[in-house]
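Shared between the two complexes below is chain A, which pairs with chain B and chain C, respectively.
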Partner chain A sequence: MNETYSELAGIVGERYVSNEPEEKFIYSRDQGTMEPCDPDFVVMPDSTEEVRQIVLLANRKGIPIVPMGGGLVLSGLSRPLKGGVVLDMKRMNRILQVNETSRYAIVEAGASQGMLQAYLKKHHPSLKHSVPDAPPIATVGGNVLIHGSGHLSHAAGFHSEMLNGMEAVLPTGEVVRLGSCATSPYWFSRAPLPDLAGLFLGWTGTTGVVTKLAIRLYPNRPFNDVGVFVVEDPEIVPDILHRVTGVGLAEDISAWMTPKPDWAEGFIHINVNYSADSKDELGWKKNLIRAPLRKYMDEKTGGFMMLPLPMKKPFLEAPASQLTRFADVRKGGGFEYVGAIMPIELFPEAHQMGLDIAERCGTTYSTGARIIGMGHCMMFFFAYPFNRADPSDVKRAGTALEQTNRGALDMGGIPWKAEAPAQKQILQRMDENTRELMSRVRRMLDPKGIMNPGNWEVD
Partner chain B sequence: MYELKYDEAVCEKCETVDCLVKCRYMTLDRESAKEERLRLIRGEDSRVLKDCITCYACEEYCPHGNHPFYLLVDRQEQSETWPVPVPLTKQQIKMMAPKGRISPENVQAPVLNMCYFPMLKGCIQGRLFEGVSTIVGSDIFCNIMWLHFAKNSAIRERLPQVVNNIWQYYLRDSGTQEVICYHDECYGTYTQLAPAFGIDVPFKPIHLFQFLTEKLAELKDQVRPLGMRVAYQRPCSNRLVPETQHWVDEIFERVGVQRVDREYDRENALCCGGILRLQQREELADDILKKNLDDMSAAGATVCVFNCPACFFTMGQAVAERGLMPILMSDLCRAALGEKWWGVF
Partner chain C sequence: MEHFDILHRCFRCGYCKLPSNYSDLNCPSYLNFRFETYSPGGRMWLLRAWLEGEIKTSPRFAEILYSCATCGNCVEHCVFPKFKDDILKALIEGRERLVETGAVPPAVRDYFKSIHLYGNPYKLPEADRAKWTDGLDLESYSEQEYLLYVGCVGSYGERGQKSARAVAALLKTMKISFGILGSEERCDGNELKSMGEKGLFELIAEENIRKYKKLGVKKIVTLSPHSYHAFKNEYPLLGADFEVVHYSQLAARTIRKIGFKRSEVPVTVTFHDPCYLGRHNKEYEAARKILGALPGVQLKEMDRSGKDALCCGGGGGNVFTDILGAGPHSPARVRAREAAGTGAQILAVACPGCSRMLDDAVKAESLQDNLQVMDLAELVATRLAPE
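Let's turn to the complex of A and B:
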């Protein structure tokens, strides 16, 4: 062990490697319900070359490597299930380039959402990226690699769909570039080459270490507004979403259901965010977005809230700070969250399931859905805050999580950023040949099985 | 219980039918107005039930004080002709429900009722309000707003308790029977609506305008005329108490501002549009807002004065974007005393 420590210190410097108990404690867990798993070492590389050398070392010694971004995934994906090295990417946080004309940014894998947001605001105020509703320290790269979504996902899809290309270190130590950057100095898209980026998207660090990414940027328009459409009947929500997504003008559409504050209980709130270059344009967009919902307004089964400016402000924030407050509503720092990707017609079923599970498990809940693309699917989320200091509360949230994963799969959805037990549930239902293909790909890329072992293991 | 004091016979005999003919949002000639009036009296379907924007103005237009608007709202509720989408109404009913957090408090005259606008407590400071006790919260919310939602039942259910709360928790042991109403809605509720529904009010409501007028008289040596041209946005609830309007002119005179002559003022005032937006009549609301702002600008106003916080929050941003300064009446008076005033825009 001492020898490995010395070799790691030789690569990144003494200051950026640790096997002290306090670091091992912190890196053994996240805010979710998954049991902690201690790493043997925590290492913070500063460059692709350092990552490459660490991977070669791990390969030579057969030591597991677990890449980590912000460590906020909540489903324990950066816990080292079989020990080894946690590779904390936060030192690699440089924003390398912003192409204002072609609207993309190249960032290192540890660059945080907050850093990029602040950087664009200061240096390129006409541009923005799609911000997830996560704390600002969440990394841009991590969110792309888990198929995250955010405030531009209705307009442009999953964050993985906003990926133009990447640089990655393979488990055998080769550095590859995928997307246009493989052949061109520009990182403008993944087309027209054979798209190999998928080898790293949704694989939760089991196929290599992504070190740089290019993501798409979008116009940051000066006029922004939100409409909050309220209904009681979940059965009409898919049609409402279908209608409003069909207009194609919103940047973000998300639904939220929560028992707190009291006035929100029993209602489904659908936020529709949009922006414009002028006040007039904003008005036109407002009218166009409202038009297809006229049926429900006339029937009196739904309507937009009247939101004076002070009430509107929280709904225009990215990320939404209210969600962060809800995450700690039970105090004690526990927050569990199942996102399940599913078609929008499953909204009523998913909504009811969330209510049933919360009642059965005696937990507080918050559910909702972010619409992806023009309503092609949604990320339906079930959030269960819990008090980590209360074992019975942890158990309740864990049970709710397990039941939610199973329920989502039963209805035809797929748990997002699934924790290891949920990955097994997914693999059990997966097409057999697909499962085998996953296994072959992984064996080919990582013959020694060092990358985040214990995750997406077919065998 | 709490039967509306409305006399069908008075209505049937009315020749002018001003309540409907003078409505600026529905076009009805006198003959069709008479027909619709009869339908409403008989509890039959009427276009008025659907088209009414609930601006309260017919209460002012009625020459007999017969409460045509309250009847209309009763009829809307009976026929379930909801002006606002049902989920929004239910949500508002929950949001504005009494929280039961009230407890006895020692207050002393003058007592100022801020209704359910705790965010406006910042306005209550300076020489005008020295020594004033304020009361505020969901448990003393006047509930008149349900007139906009066809929910007189909520008024009947909640208002008696609200009246009792104000009396029992604050006034009974305070040595005063007077309560100053910051908002026209409260004053209209306790002086007009409650009696119309047969709800006893054991205290004496005082309109904010009266309080401000008297205070400005007391402090007249300290007033510095503002010399501005102002437009006044008259709120819907003032339609219930038009007799208070003269105080607006008196206050303006005392603070040295000129109320501009414009089309949409006084009896001809336009709705702020807030309730129209809740009724999902967004385009009508935008249209009315534009007319109103155009009118203010054309008349040369540089300031728009509000007394209703709801109007202020609904219109304030648009007023400011138009280049006029939105200001609450109490803040205008504080400005005339050379004090910095509170404001959100």
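Let's turn to the complex of A and C:
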């Protein structure tokens, strides 16, 4: 163990490697309900070359490696289930290039969402990236690699779909470039080459360590607004979403359901965010977005909320800090949610399941959905805050999460960034040949099984 | 522990690591060490684990607790209302617990010993406290309007003495009625309080309060924002009722009445907000008012200024204990680079601790040919019209 420590220190410098109990404690857990798993080492590389050397060392010694971004995934994916090295990537946080004309940015994997947001605002104010509602210290890379979504996901899909290319260190130590950057000095797209980026998307660090990414940027228009459409009947929500996404003008569409504040109880709120280059354009867009919902307004089964400016402000904020504040509703610092990816027609069923599980588990419901693409699917979330200091409350939240994962699968959805136990549920229902293909791909890329073992594995 | 029940409520969302615009890391210890353990959230989770016996007392744990510069960035940027007000209080209470165990870092122990034995962290005789006044012809305090308090750094530190002399001269220029205690002045104890030595702090504070009351002190003007903070916020809890101002606040009131040179060589200045004046006491305008009144001075703000200022790393006793260290990622060196990046020739400060930290950092970065660290009072002196 001492020899491994010395070798790691030789790669990154003693200052950036630890096997002390304090780091082992903090890096063994996250804010969610999953049990802690101690790492043997926490290491913070500063370059692709350092990552490569660490991977080669781990490969030689058969030590597991668990890459970690912001550590905010909540579902325990960066816990080292079989010990080994947690690779905290946040020293690799450089913004390497912004191509203003072709609208993309190249960043190191540990660059934070907030840092990129601030950088663009200062140096390229006409551009923005899709910001998830995770806190701003979350990394761009982490969110792309887990198929995250954000404030431009209605317009442009999952964050993984906004990926132009990447650099990654394979589990055997080779550094590869995927996408146009494999062939060209420009990181403009993943087409037209065979799309190998998928080998790293959604795999939760089980296929290699991504060190650089290029993501798409979008126009940052100066005029922004939000409309909140309110309905009571969940059965009409899929049609509403179908209609409003069909207009194709919104940047972000999300629904939220919660009994607090009191005026919100029993209603489904659908936020539609849009932007424009002028006030006139903003007005036109507002009218165009409202037009297909006229039917529901005339029937008086739905209508847009009157929103004074102070109420609009939190809905226009990216990331939405009020979502982070929600984590403390039980005064307990614990929070986890199931975000299930599913088609929008499952909205009523998912909504009802959220109500049922909350009632069964003795908690208040808090659910919502972010629409991905032009209504192609949604990330429906079921949120469970809990008190970390109360083991029974942690258990209650864990039970609710487990039931939710199963329920989401039962109705045809798929849990996103699923906890290790939920991954097993997914694999059990997966097409057998696909499951075998996944195993074969992993064995081929990672013959020694060092990459985040315990995830995406069938016992 | 009074704050035990809030420790687990930290969600570790990380807003506390950043400034308002998220542009860079703004927690001095996290910026420097980069392990999650050295972030405010990591520290809170560890403190709870330590109190519950999940981790043991260790030099690493002690270093983690004492690497916090108590700059207040976490309190400023935490998104949880009410809870945020207790973040630093909980940390300091944790330090108090560690003090009780006798397991504080050696540098912290040495600091406590120095104050206990010598009354100052420089291990110099109390009789030397007045040396900074040599040649200044300052009056001893005898019911003048203000007591000028310069503290340990202003009394003994080479850099601090220069600031103290400049402040005294500025007060004279402004025709402020003030006196000093000279060799009778004692440590204010602010760093002791932030380092968890509550008992010694209270002894010192109570002695100072008794002395000031006996002398008839009604108003105190301080050189250091740390002294200002202690007198303004901590001493009243022990019975003090003095009116307290930082010298920049006093100067801002009268700066327009001072006679400056008619024409002066233009100079670009950037201002570093001291944490104990800014975030801790919400004073952001006084220094800028002074700078705005100086002929030829153009203020160029750093990206991180006001409530978003990056701490120099000297708070919480670090100016003496140096637990944050002096490497290229130390907050002082990062700050020096940020200041130089504005193109300013002068990095203005209003705290003798910041002066020392940033002066050293400017030299370590080899920036001294382009960037000079100056106390506001020193800068004002360069602009005064000849009498």
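We take it that the second predicted complex is superposed on the first by the 456 of 459 C-alpha atoms of A that agree within 3 Å, B and C clash if a C-alpha of one lies under 4 Å from a C-alpha of the other, contacts with A are read in each partner's own complex, and residues count from 1 in each chain.
Here, a residue touches a chain if its C-beta (ideal position, glycine included) is under 8 Å from a C-beta of that chain, and two chains touch if they have at least 3 such contacts.
For clarity, every value in this text was computed on a predicted model and none was experimentally measured.
Of the two partner chains placed by the overlay, only chain B lies in contact with A:Phe304; chain C stays clear of it.
Using the contact criterion defined above for the overlaid structures, shared-chain residue A:Leu96 touches neither chain B nor chain C, since it reaches no partner.
In the superposition on chain A, A:Pro135 makes contact with chain C only, not with chain B. Using the contact criterion defined above for the overlaid structures, shared-chain residue A:Arg290 touches chain B, although it does not reach chain C.
Contacts of A:Val230 after superposition: chain B is touched, whereas chain C is not reached.
When the two structures are aligned on the shared chain, A:Asp262 is found in touch with chain B, with no touch to chain C. In the superposed pair of complexes, A:Leu437 makes contact with neither chain B nor chain C. Between chain B and chain C, C touches the greater number of residues of chain A. On chain A, the patch touched by chain B and the patch touched by chain C do not overlap at any residue. Of all the residues in chain B, the ones that touch chain A in their complex are 82, 84-88, 90-92, 94-95, 97, 119, 274, 277-278, 280, 282-283, 286, 313-314, 316-317, 321, 344-345.
Against chain A, in their complex, chain C makes its touches with residues 5, 8-15, 17-18, 21-24, 33-37, 42, 45-46, 49, 54-56, 58, 60-61, 64, 79-81, 83, 303, 327.
The touching residues of chain A, counted against chain C in their complex, run 15-16, 18, 20-23, 25-27, 31, 42, 44, 70-72, 88, 90-91, 112-115, 117-119, 121-122, 135-138, 321, 324-325, 327-328, 331-335, 387-389. Interface residues of chain A, counted against chain B in their complex, comprise 230-232, 261-267, 279, 283, 286-287, 290, 296-297, 300-306, 308-310.
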